[in-house]
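Labels for the chains are A, B, C and D, by order of writing; each one numbers its residues from 1.
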Amino acid sequence: MPTSFLGSALRGTFFFIFGLWWSVRYPLKYLRRKTNAENQPSYGLRRVEVFEGAVKAFFALAGILVEQFVPSGPHLMLYSPKTHSWTDLTHWHYTTMYLFFLLSGIVDVVSHSPLKLPLGLDRLSLSVALFMEGLLFCFRNYGDAALDQHLHSLLAFAIFAGALCVLLEVFLRDHIILECLRTSTFLLQGSWLWQIGFVLSPPWGGPGWDQTDSSNFSFLTMCFCWHYAGALITLAANAAVSRCCNESCQLRFGDIDVELDCGLCIRKKGSGGALLPEGGTEEK
Amino acid sequence: MPTSFLGSALRGTFFFIFGLWWSVRYPLKYLRRKTNAENQPSYGLRRVEVFEGAVKAFFALAGILVEQFVPSGPHLMLYSPKTHSWTDLTHWHYTTMYLFFLLSGIVDVVSHSPLKLPLGLDRLSLSVALFMEGLLFCFRNYGDAALDQHLHSLLAFAIFAGALCVLLEVFLRDHIILECLRTSTFLLQGSWLWQIGFVLSPPWGGPGWDQTDSSNFSFLTMCFCWHYAGALITLAANAAVSRCCNESCQLRFGDIDVELDCGLCIRKKGSGGALLPEGGTEEK
Amino acid sequence: MPTSFLGSALRGTFFFIFGLWWSVRYPLKYLRRKTNAENQPSYGLRRVEVFEGAVKAFFALAGILVEQFVPSGPHLMLYSPKTHSWTDLTHWHYTTMYLFFLLSGIVDVVSHSPLKLPLGLDRLSLSVALFMEGLLFCFRNYGDAALDQHLHSLLAFAIFAGALCVLLEVFLRDHIILECLRTSTFLLQGSWLWQIGFVLSPPWGGPGWDQTDSSNFSFLTMCFCWHYAGALITLAANAAVSRCCNESCQLRFGDIDVELDCGLCIRKKGSGGALLPEGGTEEK
Amino acid sequence: MPTSFLGSALRGTFFFIFGLWWSVRYPLKYLRRKTNAENQPSYGLRRVEVFEGAVKAFFALAGILVEQFVPSGPHLMLYSPKTHSWTDLTHWHYTTMYLFFLLSGIVDVVSHSPLKLPLGLDRLSLSVALFMEGLLFCFRNYGDAALDQHLHSLLAFAIFAGALCVLLEVFLRDHIILECLRTSTFLLQGSWLWQIGFVLSPPWGGPGWDQTDSSNFSFLTMCFCWHYAGALITLAANAAVSRCCNESCQLRFGDIDVELDCGLCIRKKGSGGALLPEGGTEEK
């Protein structure tokens, strides 16, 4: 199955953006929780998670539609009656993958509705989505492309680490260490998908790297480690920056931190203030 | 070892029915527990679990007898003195598989008797049954049938996921997320066994799918994911329907919900009412 | 590496005896604890565990000496200067295996001494012994003997299941379900070692089973499941018998149950009675 | 990738020293905690951990510099324009490995600073470092060197055992059993790296062991077990010695035990005494 640079990069961007967003959100949540010693999820935090779920579902739906209706796509046809064989299944593969992220997004949204789904269902659905992604990459048909397989088995490593981490979060919810680990696996997955794109189908055209050169294997294994080091450093830097911002905000610009985590500000006020988020914070 | 469509479909039906039943029962149990804030298992709930165990044991026993005494079966003979070799071991394989589900059913029944077995033994026995099923499918002799092996390794995936989930339930009993996960793996296993039947020995006769076509492998991997998506949607739909029924029952037809989970109704009354389940609920 | 029937049977007997002993001891412990609602380990229980550790260490030491000093053994020589190669390493393999059980036995004894080792060290050392046993069987050199390897990989299954179970017991001590699981894996390992002896070197002489017949593989996989079913039934039967004995003892022969778990009887009395176990129970 | 004796021995020494240090420190910590029944980490304990982290980071940084700037090293060049290929990647491999230990050391130091990082981040970073080390050894290019691969797969065993153990410590901090297990895996890794050096490139020159002799495989598997037995015995001996020292110190030389764990002594005094560790203990 061929890998296009654009597809790989778009997928990578999706994961990377989620990782970046979490690398700001979770350290902030941790700091606030520590300062305020209030543990229960607030109305505003819930709004952030609903928004996250909606974005996830939207991206997944967009991905499905793009995969199906690009000119070379299958246009929802699975079996081609002309050739009496399956149509090119690559697009269907990614459609299936996105389907589970769509489900995960929907569960995120619904689980914060007044329906009162059991706590942890959102984490479980994300974990299932990651496991299915890993399963699809593992059982993909790589043919003789050994380097392709090596790259994707390293990717599967990142995916399954994330899936296990999210599965643990079902039972240990709001554990900052697990949230950081999840964030780092998403950053890793995102940047590694970009790397896969560059290696297998460089954007400047030309063939991909030599599939038979064993030093490429060694280099890419190392490269994977550097990506993870990069992901950890990105996470640390974002956490440090958001911490500084948080502190200076609390000291001097008490009413600007609405942007980042507005619900937590609203919570400090009475129930009436929830209708007037921006104005409300001035009353502090 | 050849796979017959009928056998695969019957096995699939067994798992699917259990999955369907649980997809109604566990969401209801969760809702009731939340409403009533009573956590201890009631007399009626116990009756439901005994019934479940008895049905499981009955199906398993029936399966053993059918496998042994169909015309082509081994009729309890393991070694054929005529050919100086083992008889066809496929039937014995399934007999062994059912044996552990029979044990699990018996433990279910006994663990709710006044004998007071340790809590969690029923889950452990179900987990052992699933592990043994997975072990038997893993070490089966597939010969050159690569597609057969692929189908069964995907099945083993579903089986081991279920087994691990049930094993966790030994320690985290009555955890709604784990119960949903188990339900979904049973639904998946059930529908996948039907799929295996259709692929390897179509009911309309003719040979199975081409064992050497690599696009069949890709398609079936995807198909497995769709089955799981279907299982999750079935679970969600059943949970939603049972929730609606539950709410309308509690509002309008307070004395009809006896059918689904009668013990919980009985519990609300005194000890004498346990003898009159239908009549008793009118007194509320 | 050749397997002798006698060696395999002796090893099997060791594991089987431990399994049998635990299948009596743990159900009894569970019943007593439930009746008395006293959770702390008593002086007598400790004596039983010290005894267990001493027996384990003795058997392991005896095994080491036998492996080294049988006529065909290496007599503590590792490198043969005559042939400029290693001596037959099979005996050294088993010596290594027993060494860890010896360590485990010593830790059992020492951890109940007044030295106050951390709780759980005895379980950890048993887990390490089992992991090392599994490692040695996994990396053994089977050459072309495919059936030999199949038999030992099934054995490794039982060993690692036991090792994981004991490892969990480090954190969840005195969990009756884990203790039963451990007991069943020891019974399984014991009876499977006998089976290996019968298959690879039958005691009535003659060659072992055909290493190339694929139906042998299928049969032995099934056989492994039956062994486990047998182990579970043995465990259940022993638990039931010890329960009946326990109840009739408590009713009628209150001072005879000293044999099985004497410490628990002693505990009922004052501190002075600990010196007079048999006589003391009459005072009840 | 060739293995040099000196490199392997230096790496081994690093792990062995850490193992030795922990085999003294953790038993002492356990004893003190038990005696004093004070659980919260003290100012002095924190100083010890900061020191540990600094040493780890220093060794890692030194390792990186040595790997890069030895005469045969890549001098920070990754791609050689002359040969149009990667430079020898062995040095880069080890550089990557040390990079994660450097990160782990930095996290250790920072997490005891007044920044108040979340508890458990130091353990997570050590676990990540070990997982990355294992990953790099697993995906290394061994070519046809089967014995080389066998030796490193045994090493990976020790590494992953350590990584899992440290990962568990994120959730079960200050668990003496886990700390002992971690210590033993570090001792094992250290001594096994020495063994690898001796086998693959003996310090007295000459070629390494025969890569094709199957008895070498058997012997080295056993040898690995002996190394672990040795690690356990070293751990036990060090724990016993430190226990004796601790007891005699407390009895007779109350003010000498400053050396080993000085913070705990300081803690007994007021806040002012922290500036005068040696003198302060005389006031007891």
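Quick notes
By definition in this document, contacts are C-beta pairs under 8 Å (C-beta built on N, C-alpha and C of every residue); 3 or more make two chains touch, one makes a residue touch a chain.
By chain, with names taken from UniProt: A, B, C, D = Transmembrane protein 45B.
Given the structure is predicted, the values throughout are model-derived calculations rather than measurements.
Residues touching across the chain B (Transmembrane protein 45B)-chain C (Transmembrane protein 45B) interface largely differ between the two copies, under half of the numbers being common to both. Averaging Cα coordinates per chain places chain A (Transmembrane protein 45B) and chain C (Transmembrane protein 45B) 47 Å apart. The mean-CA centres of chain A (Transmembrane protein 45B) and chain B (Transmembrane protein 45B) are about 34 angstrom from one another, to the nearest whole unit. Contact with two or more other chains is made by no residue of chain A (Transmembrane protein 45B). A ring topology is adopted by the chain contact network, closed into one cycle in which each chain touches exactly two others.
Going by the touch rule set out above, the chain pairs that meet are A-B, A-D, B-C, C-D. On chain C (Transmembrane protein 45B), the positions that touch chain B (Transmembrane protein 45B) within their shared complex are 30, 34, 150, 157, 172, 176-177, 180-181, 214-219, 221-222, 224-226, 228-229, 232. Put simply, chain D (Transmembrane protein 45B) touches chain A (Transmembrane protein 45B) in their complex at residues 1, 85-86, 89, 92-93, 96, 99-100, 103, 116, 118, 120-121, 124, 128, 132, 135-136, 139-141, 143, 170-171.
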